[in-house]
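After this come two complexes, each holding chain A, first together with chain B and then together with chain C.
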Partner chain A sequence: MNHLSLRRYLYVFPIMALLLSLAHPSGALGALPTQRPEAGMLEVTVQVDGLSCPFCAYGLEKKLKKVENVADLSIQVDQGRAVLTPEVGTSLDLEELEKAVRDGGFTPHGITLIARGRLTEFNGVPALELPNDTVLLLSDNAETSALLESGSGAVVRVEGQATLESKDGHTGHPYTLSISAFEID
Partner chain B sequence: MSLSVPRRGRAARSRVTSRLITAGAILVALLAAWPETAHAQGPPINTQNAFVTALSGGAFRTFFLTFDRSGLRLDGEKVTDPLSREVHVRGQMFVLPYELVSNRLVVMGVVPYLDKSLEMGPADNRQELSVNGFGDLALAAKLGIYQLDRPNRTTRVALFGRLKLPTGDDDAPGPEGQLLPKSLQLGTGSVDYSAGVILTHSVGPVGLSGDLIYDINTVDDGFAFGDVLHYDIALGYRILPRVYRMYPAKQINLYLEANGTWSQRSTLEGTSLIDSGGNVLRLSPGVQFIPLANLLVEVTYQVPVWQGLNGAQLEFDPTFKVGLRWLIF
Partner chain C sequence: MANLLTRRRLALLAGAIVIAVVWYAWALFFTSGSLQFVLVTEWGKTGTGPGQFDAPIGLAIGPDGDVYVTDSGNNRVQRFHPDGTFVAAWGEEGDALGQLDRPMHAIFGPDGNLYVAEYLNDRIQVFTPDGEVVRAVGRSGSEPGAFDAPGGLEVAPNGDFYVADFYNHRVQHLRADGNFVAVLGTSGRAWSAALHYPTDVAILPDGGVVVADAYNNRVQVFGPDGSFRTKWGGPLGLGLPGRWPGWFRVATGVAVGPEGRVYVADFDNDRVQVFSAAGKFLGQFGEEGNAPGQFDRPIEVAVSTDGTIYVVDFGNDRIQVFRQQED
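Right, the complex of A and B next:
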């Protein structure tokens, strides 16, 4: 390599680095192009009671994998839970998920999830709008109040426990999400 | 009656007690050797379990077994058999369950392939009668009626029913054209029924299953095997992995089962046969290995520890069983 070409590289390299850092707000040199994260459920965890026979978990695995939009599944026997990763940009039907656990031979004991969605209202109640026509009502707690200050329409990442409220013995959509942590995008 | 007879009886009882105490001590030692965090087992080998999914719900189970009888007992005491009779049965059982209603009802078909033989006579002129082929087909069902799940523990109860059809050959002739004894035939010739209840309780490192199943045997050609009550209890413990974290993982379970059968006397033209029926209790240590999520191999050795046989009958020898369960659906 002669002096001319070396000098050329010394100029070109910083200019390229400058252009890249301007193009990507993260400013990290060499960072991969990033897209805005899609809305949807990111991770869903079901507590599974009665999971004392791992050989019997085969049926549970079969049933859970049949739930629509499930991309990945891990069953943590010592923790008594199944952790599901939905397809990117989708939501799982939580009622279908609980039914799958029951059909698999066990008892669902609670669902926690991490999801990214848009704040909205459902019949006058604060809610989180997710893909696949999924709406989660937001329970009235301090985290929800803090989250609602960001205003309707904001895209947020939330973590919390989803429960199906029962009224006079009847259940109905949608699930209620009790938020334990959140981030505003 | 010689005084030596009750002494032999006491000695036999003492040996049985000694075996039970030894087996119990080994099991207690095993249970104490592993921490509370280790939990979960598989299905017992000889005892029914109350799960109505997965392992029983869409699977193929087969096992090879040996079943032998030799040595004559008269009213519970060993006596010399002038015919030196020995019964040998080698069987390959095929079980095909299907989960008809999710976590509620499992139906299954069971058919054995049997090789039965009876040897008798002096050593220099031993005679053998033998048959082989498929035995009677049984259709069975298991209905879950109770389930209480808690974190890492479960209690389940199921009802069991069985219909045995006379599909096996029941009129195989001997060398001189006469029919072979009923007990040597591949099938009973009768339609028989069973009903029972199964309990499974699994908590911490221990899994416990028990069943009570009653067989109602009907008459064929004037003969009926006596009704049978099966009473079984199984204690299971997983030894590997010590803590089961992520499913699936290779797994080894130890079992100690007590498997009993109480049989009524058989009848011929309505008359009870004196030399039939009785109570047999077997102690069955066993091991299960689960190398894959959908495959289980198991082996057990059943030792008769109590034989209260009516009249004059051949003793039951230890039984060996090895098999696999494959969750294929």
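Right, the complex of A and C next:
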């Protein structure tokens, strides 16, 4: 290989590498359209009292780790809450979650969640449909009214507080979600 | 009518006097402690590096005097010389042998090995002083020999060990191989021998078993055969939480010193209290804060054979060392 051809390779290789990188799906020219995020619960926060000592905090951690579909978990002692991140595209069973908190020796004082789901109806009541056969009834407030204008079947991202309406304890009824904020996908 | 009112007043006055006398006698008994303690040294700060801690919980003193601290947030054990010089560390999060998941209280056994209660793995893992795994004992559950969040333990001179089985509200007496021997205590509040989230165990020179009955805010003592012996913590050992001497607000750690005294980590009162084996208050040290000698929720206390007192200052992520002040 003479001196000139070596110089040619020095120029050609970087140019080819640049073109290939641009043509790659992840590159600028071949970029795929942004995929819509999967439906499911994105973050679930449980508020509890009395999280002062590590025996309590780790006890709660131990019980919550056993809840199905939990990918990550953070016990925030100072804030008195547990923050759970579900597996992508899944929902947590909120009843199972509350039971786990009680098994840990605590009383759950509220569940707030961020979720992405499809607007639907359940027994004539506006609801949010999530994976794992989960349905959250939407409470009657201004945010819900505004959200319903987007029509049944719309995929929405919501934040709100989930509560069990039944006064007789856990009877398998859906939780009600009081929406505090939302975005329409 | 006037006589009736006077009688009622007299009865109320008499009742108040009786209560005051009983209270005074009780307070005199419990507040007569005169032992004084002074800070010797301290080490540690928040972090993940050598000599740093993320929620330290247990502390065990090795046969050579080195100090082993369970660093629960970092899922490791750290070894130090008695002056706080870092020696070594081992462990990482997991459930395989050699890994740890929330190591809690720890203690050295008569075999010279370190026994670590693993809260989330429901087992006692045994290490050599150099961190080599010897064996693991226990499984998850509520049946005899199984644990639901073992928080602390003590090993008897014959190798048997006693485990504070937190969520099962009991102390289990096991053979060295893990075979079940007996249960100490029952689940409950207030009554003698009733346990509510016990967290630690220590053994008296006569074989008596001292239990940190954490969420009953008291200490209970059982005989070697498991029979109830005594209890203390608030009036009549009923476990009412309080700040007065002899009261507790979550008693998380217990240790027996070389003179047979019982040292109690009084978690939410930010102090360590010292008692006779019969429960007589002898002294206390510590107050809320992060200055030297102050505590942010002391969770464990251990006493070496020369009387040096090591306290795990949980909220301040440090170890503080004390000794009794000579007269």
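In this section, the second predicted complex is superposed on the first by the 145 of 185 C-alpha atoms of A that agree within 3 Å, B and C clash if a C-alpha of one lies under 4 Å from a C-alpha of the other, contacts with A are read in each partner's own complex, and residues count from 1 in each chain.
The working rule: a residue touches a chain if its C-beta (ideal position, glycine included) is under 8 Å from a C-beta of that chain, and two chains touch if they have at least 3 such contacts.
Predicted model only: the values in this text are computed from it and were never measured.
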| item | value |
| --- | --- |
| When chain B and chain C are modelled together on chain A, clash or fit | clash |
| Touching partner for A:Gly89 - first (chain B), second (chain C), both, neither | neither |
| Residue contacts on chain A - larger count, chain B or chain C | B |
| Chain B versus chain C as contact partner of A:Asp49, first or second or both or neither | first |
| First (chain B), second (chain C), both or neither touched by A:Leu60 | first |
| Partner chain(s) touched by A:Gly105 [first = chain B, second = chain C, both, neither] | both |
| Which of chain B and chain C A:Asp78 touches, first, second, both or neither | first |
| Segment of chain B that clashes with chain C, given the candidates 146-154, 290-298 or 308-316 | 290-298 |
| Chain B/chain C common contact set on chain A | 52-55, 58-59, 61-62, 105 |
| Chain B - residues contacting chain A, complex | 37, 39-43, 51-55, 57-58, 99, 102-103, 147, 149-154, 202-203, 207, 243-249, 251, 290, 293-294, 296, 327 |
| Contact set on chain C toward chain A in their complex | 55, 57, 72, 102, 104, 119-120, 149, 151, 166-167, 197, 199, 214, 250, 252, 267-268, 297, 299, 314 |
| Interface residues, chain A side, partner chain B - complex | 47, 49-63, 74-78, 80, 102-107, 109 |
| Chain C-touching residues of chain A, taken from the complex the two chains share | 52-55, 58-59, 61-62, 65, 105 |
